[in-house]
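Each chain gets a letter, A, B, C and D, in the order it is written, and its residues are counted from 1.
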Amino acid sequence: MTLAPQPRLGVGMVGYAFMGVAHSQAWRTAPRFFDLPLTPDLTVVAGRNADAVRAAADRLGWRDVETDWKALVARDDVDLVDICTPGDTHADIALAALAAGKHVLCEKPLANTVAEAEAMVAAATGATGLAMVGFTYRRVPAVQLARTLVEQGRIGTVRHVRAQYLQDWIADPAVPLSWRLDKQKAGSGALGDIGAHVVDLAQFVTGETLTGVSAMLETFVRERPVADQFSGLSGTGSTSGATGPVTVDDAAVFLARLSGGGLATFEATRFASGRKNAIRLEVNGSAGSLAFDFEDMNVLHYFDASQPAWEAGFRRIVVTEPEHAYVGAWWPPGHGLGYEHAFTHQVVDLVDALAANRQPTPSFADGLQVQRVLDAVERSAADESRWTPLNEPAEGAAR
Amino acid sequence: MTLAPQPRLGVGMVGYAFMGVAHSQAWRTAPRFFDLPLTPDLTVVAGRNADAVRAAADRLGWRDVETDWKALVARDDVDLVDICTPGDTHADIALAALAAGKHVLCEKPLANTVAEAEAMVAAATGATGLAMVGFTYRRVPAVQLARTLVEQGRIGTVRHVRAQYLQDWIADPAVPLSWRLDKQKAGSGALGDIGAHVVDLAQFVTGETLTGVSAMLETFVRERPVADQFSGLSGTGSTSGATGPVTVDDAAVFLARLSGGGLATFEATRFASGRKNAIRLEVNGSAGSLAFDFEDMNVLHYFDASQPAWEAGFRRIVVTEPEHAYVGAWWPPGHGLGYEHAFTHQVVDLVDALAANRQPTPSFADGLQVQRVLDAVERSAADESRWTPLNEPAEGAAR
Amino acid sequence: MTLAPQPRLGVGMVGYAFMGVAHSQAWRTAPRFFDLPLTPDLTVVAGRNADAVRAAADRLGWRDVETDWKALVARDDVDLVDICTPGDTHADIALAALAAGKHVLCEKPLANTVAEAEAMVAAATGATGLAMVGFTYRRVPAVQLARTLVEQGRIGTVRHVRAQYLQDWIADPAVPLSWRLDKQKAGSGALGDIGAHVVDLAQFVTGETLTGVSAMLETFVRERPVADQFSGLSGTGSTSGATGPVTVDDAAVFLARLSGGGLATFEATRFASGRKNAIRLEVNGSAGSLAFDFEDMNVLHYFDASQPAWEAGFRRIVVTEPEHAYVGAWWPPGHGLGYEHAFTHQVVDLVDALAANRQPTPSFADGLQVQRVLDAVERSAADESRWTPLNEPAEGAAR
Amino acid sequence: MTLAPQPRLGVGMVGYAFMGVAHSQAWRTAPRFFDLPLTPDLTVVAGRNADAVRAAADRLGWRDVETDWKALVARDDVDLVDICTPGDTHADIALAALAAGKHVLCEKPLANTVAEAEAMVAAATGATGLAMVGFTYRRVPAVQLARTLVEQGRIGTVRHVRAQYLQDWIADPAVPLSWRLDKQKAGSGALGDIGAHVVDLAQFVTGETLTGVSAMLETFVRERPVADQFSGLSGTGSTSGATGPVTVDDAAVFLARLSGGGLATFEATRFASGRKNAIRLEVNGSAGSLAFDFEDMNVLHYFDASQPAWEAGFRRIVVTEPEHAYVGAWWPPGHGLGYEHAFTHQVVDLVDALAANRQPTPSFADGLQVQRVLDAVERSAADESRWTPLNEPAEGAAR
């Protein structure tokens, strides 16, 4: 399939579950809609089960398979390693890939601990390959527009941020245990899984960093059914009657200070009945305000405080105009995009950076900085919600 | 004007500014739409300036005037003293009124300090007169419906509350000083003025109390123009060039724990550009969720988690049906009410309680409990946001 | 009760049902919030049942009663006759009042037939008194803002109007007959009762008139229970089993041409399940668009087509700023108004016009023009929806 | 690329503009997310310009090219002809394809005239191949849910439909002429381009057909700039100063009767400033109501009239649950889909039908029925909006 005379970018993906499916669609789709300086070649996907990974490769469009990620990393035809596994394996794979001179795209959170994340940043610094962490929601056009308006000074001095990531998929105590509820595998619960996203979004949109937090964590349902071995992780299957402990947080709430002096409230929960994937960000500034909700992802609400009060109001901008980031490559105005498009945009930005030998954003250092916020949240929550300051962003953070 | 054979309730109101106007409209209007067991008689209004109070009395419908509130309290034709003055005078007036055997309706916050509020509760306990504090937003029909749904178990165990009171009237640093920005007069800033309302609302709707807080306060604009003596408090008049300090908070944010184990986030600010009077309350529980925003005050959003997921969704209930609290006395379905109607409903509930010699709610003890929350917020904010537990509700709290 | 030294305006109201209650509240409230050049005196209310009208007078605040409207019209202490009766009596009362030199405020629709309306306009022309028809929704501040934006040229050439008045109170076939379903009393059904409002609103906001219509009328439920004599008109009481015919339309839909060349669609129905009082008006013009829904009556949505597409969007203007029509007399920003406030505003505008001896709007001629539209709708619907042109507006129309 | 052992379906696509891009993405993506009984093989794409079609083939993923659609139709490796050209060529290509024993997927509107559409239906009847017309919006999950609720009786007897398709891309008179404004190529303007969609949607969701119409058509801007030969069809390029006539309608509005007795209003326009692709459908029935707006395409609003009025309200169903049509193949709840997903769903349904040798829907007969509605609209508009009845649906209509 000769798409274009552009050089080839050999991609090897590790993991093929939810994130692997989304990344595959992005690698396949990006060159169909965007002019890429490198042509992604879906070379190989790795997974431990030979039959399953072969079936996934066929389904998702990967040419070859490996049952050991180390073999994938070692291949000469792989230029970039795309890490779509749970967080406890990110550091090992990324370190090996960078050591092998590969580029790396690593799903968020960067790692399960600050120490791992630091090691990853250290490895990325000076490595031949370029490294990026997958805070995909930055690539939603409405979020890009929010960032643009802040950059243009349309919001002014940021006074308030309220950031929420609300889901409800384990609000029912009958939902059984799974790896996402296991601290060993997942690192943390709602905090790292979804809280990490809104921390990144708040910092990305405002262009500021958090300088400290005061936090609470809670596990509402501390014991859950063990999923029957035959029912898998489906969450609703019949169970054996046995139960096991939930070792991560169900919800995290915290206050924070922004580097520009503003106040922020954060909330990440899997217990907000009726909210399915409500990523909400509201920013109030001296010159205007912004509001976004992923449940209406093609829309940004913007208030311009410079207009006379009698005709001012939050403006519902349908972010589907050709001038909006990424949108010109897709459809006419009013024809909205969906969840997976942000992954395609991530591929576009990553490939552009690689071709220019430019650090893609968010970098591993950006991922580490988010990790430090999560760590500070945990420490504050363990210490009577006491104010817990954050250090300056790591050297090399690209934000 | 013979409205009905019901006994007369002589009302004396102290203060006739914003709150006095709203209360007057309520006293005048309640008997026109509701069957009251006592007929309010707008007997006398008190204010220090003789001409101004006379003009206000004519405008607002009060028969007589006094220039000293003590004279008002002493009058035999006054059965109830309605306190509409700034917070620093609440305690004195209420104590005198209760000592004189009068009923008392006192605007919120109950007082500027916990000590004053405690004295007021002590005075109310065992007094001949009955005492009520004016958390008026409880009387919005949509808020009543929210409470009803919680009482019916339709929300289940409360997991999350997010409560916000967002305004923007001093977001512009050019807005001059006024008594609301003076700690001596106002006690606190956004915290006591509007934060008190959402604390009360959150507790009222959930039927729970806050057991502790972790808080931050902020004054974004610490120096403001002194209003020109000729420009008054209008906020936009020309000023002399002199400035003075803002001695209260511009914004308050805090985390809290509910007595049932849920997590809550609170935010009260006068710096949320574009939000005019956005009192927002969202409650997520194991059986359902609620969402309210005063900017659309005739509507309550309700999610019923017992419905099959494929047909479940937040239901936009237009709270204008005859079965809804208070609504049957007004207009047909779909003909919404406005801000001041809640004050009329407050009169209705108060008069009903007085006629039955029943403690009206919210009581002074309820007001004291809110005051204690505000106090804990200030102490936490002054102590590195450290977790600050709250004592049990005072004896006699009617909640 | 000495409100002010302004001259007295003696008001006599005929009818005291739904509209009478709303008008009474307006007469009582207007001088409390607005500076009126004349002081309304709620002199007398007329109704056929002596006991009932006396009770209503006490409840609603009228000093005296009459059991014959002719006696009311004849009184020297009555300067203005306020007609709140069903449409079949409007003409008689208005003609008598004008003949007696009184001012007249007449509820809409002006009359049940064009002939009656023409007689009323003729009587108003040259009469001593001034006459106004009560298209109250014009006085909602958001509607006034819509009109202002059109007048300022912010909408440009009007291309489209879509106007709907949606209710659902007789969607259930078990709802019994009442006078509103009887052509003799009501003149027409949804068409005259609520369709008249959106015809007036569309013309008022655009500043244009309809030049022709193509229409359909429908009676979905042609036979309904006769209300039991003991169950009254409540609509849900037990019934005798007898049924009777519905002689008016349940719904009206029509196309229209605006005088400026735009296209309009109109819909009035009592069968829109879930829509309680949804008065919706959307106007699309060459320079911008407007959208209003009475179910969120304090809000106007405005699209400014002159903004760059990437930052353009419908702006949700909360119409509660002091600069908005009428609003400055009420509450601070964000404290919304309700249904009945529009009646208070109607009193304000009427009294201002009377004091200045200026024709109030909408005039009887405006009411006649709406009546002619309704008549054209009926004629088109009876003639295969054929295009039915409208004559020019009557002489003297104040629009 | 061996996806699976399923038989191959050779696809030949004619045209590769907007619709060709959307169809290509669908053919590529469907087998990645859905289990298809046949494996689509993107065999060949046809276009008149050899270089351009080759570039398009590479970009869109088609193996081979033809510069004459007749050659494409003649190929043995093509099982299905996918027609993505303007309406004036649909009939010729479809007739040839069916004659050659191919399956056909034809973009809407089926043809530019009723006569052509009738010929296409005749050809499809008894042909070896199966034929489908592309009313893609049916495949939006929220639209499917709307249909399901109607089928389950949750809406009851349909009383009202209001259907609108609102765009604004030629509201500016400076937008130059293009083939879509040329009656020869496009057949009609807004009526056939977008009005056809809402006619199909209204009939699909209600399960009823239109029995007659009363209509108006309008061309607001009758003369437009001729696009400079170098500026192409971009719509904003510099122009030579020459102008030419617009020969199609800018907007269409019409009333209709549904076969079940309900009333409908329709509106299709390219002049609704601020509305980008607002496909709105509201259905009011005796048992409930539905409302959909494509600008929020993952949501359906549903009112259940069987609930007690005090807790009833329009329910905002986020249509992203695994039980919703097509959704289970994509992402977790709350992760919305975009415009192009409906094309993927169209491929899924078509391939399923082909494998089962079952008539896919909507059939050519369904397309003809819509064409007859459009024709009746034009005849009514040309005859004083007179009521124009429609014949019964053609034999063989699959709806």
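Quick note on the criterion: contacts are C-beta pairs under 8 Å (C-beta built on N, C-alpha and C of every residue); 3 or more make two chains touch, one makes a residue touch a chain.
No experiment lies behind these values; they were computed from the predicted model shown.
Student: With chain centres set to the mean of the C-alpha atoms, which chain is at the far end from chain B?
Tutor: Result for the farthest chain: D.
Student: Counting C-beta pairs in contact, which chain pair has more, B-D or C-D?
Tutor: Of B-D and C-D, it is C-D that has more C-beta pairs in contact.
Student: For chain B and chain D, what's the span in angstrom between their mean Cα positions?
Tutor: Once rounded, the distance between the two centres reads 54 Å.
Student: Would you kindly tell me how far, in whole Å, the mean C-alpha position of chain D lies from that of chain C?
Tutor: The separation of the two C-alpha centroids amounts to 42 Å.
Student: Hunt down the residues of chain C that sit against at least two other chains at once, touch-wise.
Tutor: Within chain C, residues 275, 312-314, 318, 333 contact more than one other chain.
Student: Residue numbers of chain D touching chain A in their complex, please.
Tutor: Contacts found on chain D: 1-4, 18, 22, 24-25, 28-29, 32, 58-61, 167, 169, 275-278, 294-299, 318, 320, 330-341.
Student: For the complex, give me every residue of chain C touching chain A.
Tutor: Going by the criterion above, the answer is residues 145, 149, 302, 308-318, 321, 323-324, 333.
Student: Where on chain A is chain B touching in the complex?
Tutor: 159-160, 162, 164, 166, 168, 171-173, 214-216, 218, 220, 251, 253-255, 257, 261, 263, 265, 267, 269, 271-275, 284-289, 303, 305, 312-314, 384-387
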